[in-house]
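The same subunit A turns up in both complexes below, where it pairs with subunit B and then with subunit C.
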Partner chain A sequence: MTELEAGRAQALPSVRSGAALRRYRDLLIAVIAFAVLASLPLFTGSKALLDFIIRCSAYGLFATSLNLLVGYTGLTSFGHGMFFGLGAYSFGLIMQKLGVPIPVAFVATLAITAVIAAIIGAICVRLKEIYFAFVTLAFQMLIHSTILSWASFTGGDQGLRGGIPRPVFLGIDLANHVHLYVTSCALLILGLLAMRQIAQSPFGYTLRMIRDNAARASFLGIDVWRAKLTVFVLAALFAAMGGMVMALFVSGAYPEFAYWTISGEAIFINMLGGVSTFLGPIVGTVLLLLLNDTVTRFTEYHGIVLGVVILFFALGLRKGLLDFVAEWFAHRRDAGEGR
Partner chain B sequence: MTRTRTPGISRRSTLALMGAGAMTFTAPWVARAQAKTIKIGMPTILSGRVAQLGTSSRNAVMLEVEKVNAAGGLAGRQIEMVVRDSKGQPQEAARVARELVNTDGCELLLDGEASSGSFAVHEVARDLGVLCIHTCSEASSLTADPKQHIPNAFRCVRQGIHDSIVGGSYAAAISKAKGLKKWATCSPDYAYGRDTTGEFTLYLKRFAPDVEIISESWPKLFQPDYTEVVTKILQAKPQALYSCLWGGDLTSYIDQANIYAMFGQMEVFAVNMADYTALTVVKNLPKGIHSGNRYIKTFPTTPENAAWGDAYKAKYNEYPTNWSWQNATAVMFLAEAAKKANSADGKKLAEVLKGLTIKCPFGADGTVTMRGDDHTLVGYAIGWGTTIPQEPYVPEVKAGDWKTIFELEAEWKKSKGYT
Partner chain C sequence: MDLDALAGCLSSSACLVTQTTSGLIIGMLLFLVAVGLTLIFGVLKVVNFSHGAFYMFGAYFAMTAYQLTGSFALAMLAGAAGTAILGLIFERVFMSRVYGADVLMQLLVCYAFVLIFDDVVRIIWGPEFKSMGMPSAFQVMPLFIAGGVVPPYYLLLIGVALVAAIVLGAGLSRTRIGKVIRAAAHNPGMVSALGINTGLIYGGVFALGGMLAGLAGALAAPVRSLTPGMGFSVLIESFIVTVIGGMGSILGALIGALLLGLIRSFGSLGFPLFTEGLMYLFMVIVLVSKPTGLFGKEAA
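After this line comes the complex of A and B, so read on.
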């Protein structure tokens, strides 16, 4: 064994233990985050704060799942909202029509979303850039139009009416505000943890390679189409989870959930928070909802305020907030090392 | 260098301390005084294409709330309105409604949402148990469907089914008199358009069985160009046309159809024409369009209604809309219910509201009733008339018969499986 080989042999276990530590670090952060969020109702009676976090869970899952496509794979989907809507409608319809226990409806919704996402994805991921973006948008409009037209089944433009039944399961009563809040937080944390695992896995790095140079990835023997389709379906599942949380929050599902503006909001959230860090979309979600909730309290001209904020991020920072912060820290660290 | 003055508590700090002390001692009294006011939350649409729905609703509510407050408030409590924009998105409507109750401390809700937004607010009312009066949603199922029924929600709005029954019988009478057998329809392609048109033709054929629908057009909501629709109708050569286009869509349609001189070639029945939002915007309002009354200050022909329309115009420099009278009526109901219950408590008000009849400028006989069994408004002025190009726009309105409306509505409910 040469000296160099011996050095590598020693370095390998330490890299592995570092990776394991990182994995457990994510888990630890997730547990702490959940503990903090779940214990919040013990310290505050503010229903508005809990409502805010439930909405953050719905939009956060949705926006982060879009980041799997945009940030990690370079697939800019303009129609990701269709899966948000699909999740809300499938879950609501299953609960209203079949009256099954909530976990069954949850799993069934994910299964339905997976099948539909696989079919739509198989067509879309063959295309690149603007063509991919517009075909996803076209599918979104198709689903939105179907919801509007199939009024006898979906309730048409008035949405799913009559409320979503929420039978108690495993002692969890989702009609109870605190129970709904804790469940939403659990879904958010579990969803984020799963997406983090995907992003940090070899598959996640394959996605980055495809984003940076799909031809090179293909030459290295990676089935680019299959990898893109897989992440398309996975992202759809998390978007559907977000849709289910929203359906539970409003106790219904409405065509607006599958309209293109929802996809636009997710893209905006990603722009606000940043796409190069995992938690960027969560920061973007909190920012957008906070902005929305504060500005609409004071003026009906919220469009102007939000427009100015977009301009600030697009022209001023030229990146999302968390990207900006991360770069600022990197600069500081580099400057420190240079000195 | 020596100090000339020993620094003690500065004047600013002293003032701040005094202020804080005063606040501490007066806070309970301030809080008590604030508790005397009652906050009413109102989620509505204040931005986007149908912002006029929200602004004209808010205007009418404020007009009435001022009167109620001047007369001593709601069971002695001054009303404070908290009106907030939902952008016409149901999830925002639900969020705003929850925020109004949970954060702003609103004890009652006036739901100024249309269509899906009203169903979202309805679910919030179901969830939070707060008294909610829907003031803009005309979807009949909101109160007709027993699945929607909750004890704390009411609807103070006209309904598509009522309009269709009155419109159908009015149109059938004219059909028979003028021999109008070939009809065309042109309505917006969404639930309201399809349902209302279906119900109108149902009652038209019931009263005039030899009527035949020879052409149907379903332009998209907010469609800018109606050329293809107009030419399609002209080619079909119907003797009469029914439309439930509304607002900007209706005015664009009329302006574009005027180019083809369409209104001289057939009788036109546009249920939503007689509303100032349409009447005052159309460039050349054709004479003789048949329309249902949305809001018009000359119907009902009472001094109270005229005075109310003038007072609104004087205050806001524009005429009220259909949404305005409905919102004003909701506040009138609340005021009367509070008087009867001698309380502003939501549960007590809900009990009194059931079946309550009040004096109202918009009533067919000077009164309107909140029907007890399905919590919906009945007895409001409803009728059809023909337009002229200048004020009063619809000089004579033939009033609908509420006895017939009740009979046919009951039949309709049965056919839908609601009863």
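After this line comes the complex of A and C, so read on.
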């Protein structure tokens, strides 16, 4: 046994137990977060607040799933919004045309998304950096123009109208505002927990290695193409989940859900919150939605205000808010230990 | 789908000429925007996501100058010169701070300016559709070529774009400045060590790219309606052009733009609802078969 191997043999068990502990900690945080969110309607009757949180759930799931690609794997997708739109449209169409129970439509939508994401991903993940970004963008626009031109099926530029039927399932009535709110929160927390598990798993660390040095990962025997494709499909599934929450919230689906600006917003959310922490995109989502809501209330020129805020983050902080806070804490801790 | 209309057009010379010219002017305008984009990417290695805004400003500058002076030549000059100055300021003050930074960071700065510029136009010129109107010099009888109708303005537009392409191509390959620019694209550190101010070159290239987009906007002003956000669809299309032609290749931009223009004009006959989809489909096919684009160099 070489010195190196001996050292690793000792270190491994403690890392393992640390990871297990962290996993229970994540679960605990998730349970507490859900309890807090779900009990909110008991304390406040504010429909606006609950609506805001439902929108945060939809965008939060979507933005965090993009972070799996951008932050963890280094795949800058400009077209991630296509899966948001796909989720919203598939779910709405299945509910309208087939009238199946909601969970069936939910699972069917995920299955459809997985198949389409696997096909698109198989083509895209071979490409590098800016080319990957552009092909994903092209696919997004292709899906967007398909939605626009297939008017007899998707409603064209009018969007999917007529409402989404919501049959009661196991006593859960999504036509009820509070039920919808609690379901959205549950989906958000479950989705985040699942993504956290992916990010902290050995597979998640494989993704980080691919991001940092794909050639080395390949030499270590990792099938880079397959790992990238897997995360591409996984991220698409969570984006579709976000799309379904959005479809339920607005009771329909609109071509804007599949337009490229929605991908732009998700990228912006990620930059706003920061891509180096898991919860960065959630913070970014809350920031962007708050910003959008307050700014549109005060001025019709919200583009200027939003633009200046983006410039502040891009040129001033040069990183997302949570990145900034995390680095500040790390800096303080280091300074404290140094003394 | 309306394949009969497409087949009918292909068999009639009048329709063929009309559709080809309309495809050519779409292509030539796209080329002017896309070549600036590809030039900026080739030398500065940044994807200028706000390039559409220069096209928009070019059109608005031209409209204002035309309304003030009544001279078409001055309007074109205002569109080109105004956006050149704007490009120089934009590059020196903002973009130069994010060279070498994460691609996402560069994108965000541009995204911010897309939002800001659109609102600036909305404040100065108002949110409604504007029209510059066709200059009186071009309000003459259209030409009839093989039975097809060709407005004389279209010929001017195609001519100006062709001259720009030739001057640009020759300038880059034959002149000293062109050589310096190509050297800076290849190895900026070495160029800088040889005593050449690379910051000036970067600013100049950005101004040139902005000027070409502004010229395209000014040329388009008489034939298109002006609205805040008009740069957006042009931006996306010129991205497709550069990606199809290969990032950084001028010839690629020309071929890509012409192909896309023809796809648009003939596609609108055969697939009236799926014209945009056709362009994206074409882009996907090119990228899948040759990821670096038709004329792009193989990535190292």
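Couple of notes before you dig in:
Note that in this section the second predicted complex is superposed on the first by the 324 of 339 C-alpha atoms of A that agree within 3 Å, B and C clash if a C-alpha of one lies under 4 Å from a C-alpha of the other, contacts with A are read in each partner's own complex, and residues count from 1 in each chain.
Going forward, a residue touches a chain if its C-beta (ideal position, glycine included) is under 8 Å from a C-beta of that chain, and two chains touch if they have at least 3 such contacts.
What you are looking at is a predicted structure, and each value in this text was computed from that prediction instead of being measured.
Between subunit B and subunit C, more residues of subunit A are touched by C. Looking at the shared chain after the overlay, A:Leu190 reaches neither subunit B nor subunit C. With both structures placed on the common chain, the touch criterion links A:Ala48 to subunit B but leaves subunit C unconnected. Once the two complexes are laid over each other on the shared chain, residue contacts for A:Val325 go to neither subunit B nor subunit C.
Of the two partner chains placed by the overlay, subunit B and subunit C both lie in contact with A:Gly303.
In the superposition on chain A, contact of A:Ala118 is made with neither subunit B nor subunit C.
Touch criterion met: A:Met141 reaches subunit C, while subunit B stays clear of it.
Touch criterion not met for A:Ile222: it reaches neither subunit B nor subunit C.
Once the two complexes are laid over each other on the shared chain, residue contacts for A:Gly264 go to subunit C alone; subunit B is not touched.
Comparing the two interfaces of subunit A, the one with subunit B and the one with subunit C have residues 148, 151, 301-303 in common.
Remark: subunit A residues 46-48, 51, 55, 148, 151, 156-159, 161-163, 175, 246, 249-252, 254-257, 293, 296-297, 300-303 touch subunit B in the complex. Across the complex, subunit B meets subunit A through its residues 46-47, 51, 54, 84-85, 87, 89-92, 94-96, 98-99, 102-103, 115-116, 119-120, 122-124, 126-127, 139, 141, 145, 147-148, 190-192, 194. Interface residues of subunit A facing subunit C in the complex, by the touch rule stated above, are 70, 76, 123, 126-131, 133-135, 137-139, 141-142, 145-146, 148-149, 151, 260, 264, 267-268, 270-271, 301-304, 306-308, 310-311, 313-315, 318. For subunit C in complex with subunit A, the residues that touch the partner chain are 47, 94, 97-98, 101, 103-105, 107-109, 111-116, 118-120, 122-123, 236, 239-240, 243, 247, 273-274, 276-277, 280-281, 283-284, 287-288, 291-292, 299.
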